[in-house]
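Each in structure tokens, the structures are laid out below.
The same subunit A turns up in both complexes below, where it pairs with subunit B and then with subunit C.
Entry: the complex of A and B
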């Protein structure tokens, strides 16, 4: 049985604008999405800003009531059995809000342990264990005011795990964490999943999603535009390979010509320091390197390389074309 | 049941810790009631009898409790919203009301300090002889008053979970409640139609109880009424908070956006 079942879930907001003459506009943030997450799976929800990821998560953790459709978590309806859902899920969001600044890290954890009904005799050991897990042991008696961003984020994670949730919702947990911290976070998440926790993760870092997620749904404009394993998404979008040509000069001029070459599916120009990089997606079997170089004429060219498409390539293409799957 | 009591106790203690840690709030809480007490006592010393002066000191002290609770209670959930913790509180399996009650109880506790400070100030700076006939009864009346004020604060506080503008309620009600509960002016001096409003506000009975205790009368009836109304406020507030949280989930007002 799926642990998270989302069926035609919809949420709109009424956004008021103006002070005197209240006009309200309806924003459809989530437009009837459906997906399922199996027990023990790590499911990624990817999508551009404002796609509806946070809105979806907030409906699943009972902070927002859906305006349409249904969702069940661990077999419990998120509207009718909200209390039961709350007891069994954990929620961690990125950023440095959501903590009591004037209390110590330890007091923050104690409070939430109480809120989640962690039995008194288990609280001490559980908090100790989590502090160790997120590497805050030794700093727990300091006030949160003085914590760095990464420390706050780690405290958040400890908070979200206090009651050993069966399903964990992570909304951009790695935002603002340094690379080493982010790597440790990925390890923590991976080991939770190994221990049987089901995780729903949103992130804007594609390598993170690629490394962690068993399956992914890409959401744009409130609709799911693609879904599958990272490998499927990479293959599914354009197939073939990616040709990258480093150009010292204006690469934009030749974009149109390159795009019209046979075998080329798409072209993007990225700025990388002094150079611009022409990222050309190429059909399987087509050989366009020479043709592309020819179109550049006299513009000096640096490194030329062909590589496998990454999840980011797939993502950019999906989000830019935005055709619902 | 014990779990609920524990939750209330832990919540109260942490809230007290949090609220007593800001230097600015601390100084304000210490100094503000004294200024107020001074003005009131100077005014009453002009023409009043000794008993009027004692009455004024008691009134000013309860006023301190109410002032400590009114504005802070109605702004506290907006503060949680700003901290980003409001959503976390709602997402927890515990009934929301049980998280808000300790907040206002902590405020009421800080208010008790203000009550004691005002009385001591009256005693030593103005020489007002407050003979605590039965210190224990007096203390009990004060605690009952603080509880009543806290639960009134609770009712104010929960509105802010749904309405982001509700933080202004405390300021709006602060002065009217001074007047209507007869902190400084006897209720008998107010127009007749105001009286029923006074009767349903717990502090009315709280001040009456403390006055009786100070003048050696029997405060028990007033204490009982004050506590009874407190329970009523707790029940209404709990019901209301359930409704308002649901409404906040419908209208998406738990987050700042």
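Entry: the complex of A and C
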């Protein structure tokens, strides 16, 4: 049974600029997307910055009104039944803001427990178990202004779970967290899903989506360009292989030439420490290694390797081609 | 029950969270020293110019100082949320808006009351103005009603914070308006007619007049009408503020103004 139903959802807004001579233009942040999330599922919404992920979530949690289409959460319309939706969903966003800095972690939780109508007698035990879940027990009486980024993010999670929401919206929850903290966060999210919570997660960390999500929709330019399980998405673009060439110099100059080689489907350059890595997606059976190396001229080359495509390769290709699913 | 808890506990927690003046280094100069300076300044100007008496300036300025917490703290109940990026979280909570926002007004009213009473007491001691002891309970009531009325105006400023990012500038302007139009240092009868008319629909005007009468020895029956007028004006602003909050909340969902304003 679908607990999130999104049907042709659209959101545009007017952006104004200038002080004396005001000019405005309409920006279409979300362009008629549709998807469903089943109960107990962890659904990922993947996309680059500005793709429309956060706007979509804001409509689903009732913070923004859609300009077109419909969305229902737990059977409730996000426009007409906003209060009922709010009562039953949780929302957590990434970053270190969104908390009352001058209050302790405990007071932050108590305050939101009041706002969500958690009965007084249940507040203590519920907050206690959440502090334990997010590993903040023992630090809860300290002011939030002294918390690390990871601690703040964990406190956000606890806040979002106070009222035992049936659906949890996580908007880039691991942004800016160190690798250990991010791994703990992923474990926490996985355990929530095991406990029956439906989760809609937005992220642009591919490994995070690959590890956690049952299904994924890739969104780019306000449109869904692909959807499926992580394995299906990888299979969708896995005809072929990926050639990686480590370059100690500027690899960007060669990109256009490499892209024009027969058998090459896409090229991106990634910075990795001192080096740049030319990541070349190649059709099945095509052999382009020598041709690619020849385009680099006298630029020093390090490691050269061929591998199977990952979800990240699939994502890059989908976002670059941007063809709606 | 939930709404009652949101009103009292939520209101107090929000006050602690958002009113960034709770450090003694800021609180004492702002709420104790600055009002006394203002009282002394206008009292000595009045003495030098030979207009009014010390009691006139003491009462007017002490009560006007309630507007500091009432305007700024109230404006900050939304503006501070916006700055801390907690406003979105607040607005997606299912809490009923009337207790949520009115609860935030209660500590502010108490703050305004204390601020004015301390200024009144210290100013009276320094200027040797005698205040009849038996008028003190009624005087406290008048100051409380004035703080309530000014907080109503503060709620209007708070509502505007749903539409615009900065409310402190507006609060400063309104404070100036209250200082000039409410008979704080110049009696309403000495102001041009239109200014006096504006003053009569602003908070503090009737409260200041009632407090001055009480300090001069007037009975409750003589000031009751003024206190009722002050309360009605405060209630009016409160209703306007709540209506604006509701409107701007709907508008923020429609126009995404929380992200862009």
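One rule holds in what follows: the second predicted complex is superposed on the first by the 281 of 325 C-alpha atoms of A that agree within 3 Å, B and C clash if a C-alpha of one lies under 4 Å from a C-alpha of the other, contacts with A are read in each partner's own complex, and residues count from 1 in each chain.
Here, a contact is a pair of C-beta atoms (placed from the backbone, for glycine too) under 8 Å apart; a residue touches a chain by one contact, two chains touch by 3 or more.
None of these values were measured; they are calculated from a predicted model.
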Exercise. Based on the superposition on subunit A, does the combination of subunit B and subunit C result in a clash or a fit?
Worked result: clash
For this session: May I ask you to decide whether A:133 touches subunit B, subunit C, both, or neither, giving the answer as first, second, both or neither?
Result: neither
Exercise. After superposition on the shared chain, which partner residues are touched by A:111: those of subunit B (first), subunit C (second), both, or neither?
Worked result: both
Exercise. Is A:61 in contact with subunit B, with subunit C, with both, or with neither (first, second, both, neither)?
Worked result: both
Exercise. A:103 contacts which: subunit B (first), subunit C (second), both, neither?
Worked result: both
Problem set entry | Common interface positions of subunit A, toward subunit B and toward subunit C | 13-14, 58, 61-65, 83, 86-87, 91, 95, 97-103, 107, 110-112, 114-117, 120, 159
Exercise. In their complex, what parts of subunit C are in touch with subunit A?
Worked result: 2, 5-6, 9-10, 13-14, 16-18, 20, 22, 84-86, 88-95, 100, 253-256, 258, 260
Exercise. Residues of subunit B touching subunit A in their complex?
Worked result: 3, 6-7, 10-11, 14, 17-18, 21-22, 83-85, 87-94, 99, 246, 249-252, 254
Exercise. Across the complex, what residues on subunit A touch subunit B?
Worked result: 13-14, 58, 61-65, 83, 86-87, 91, 93, 95, 97-103, 107, 110-112, 114-117, 120, 159
Seminar exercise, completed: Given the complex, residues on subunit A that touch subunit C span 13-15, 58, 61-65, 83, 86-87, 91, 95, 97-103, 107, 110-112, 114-117, 120, 159
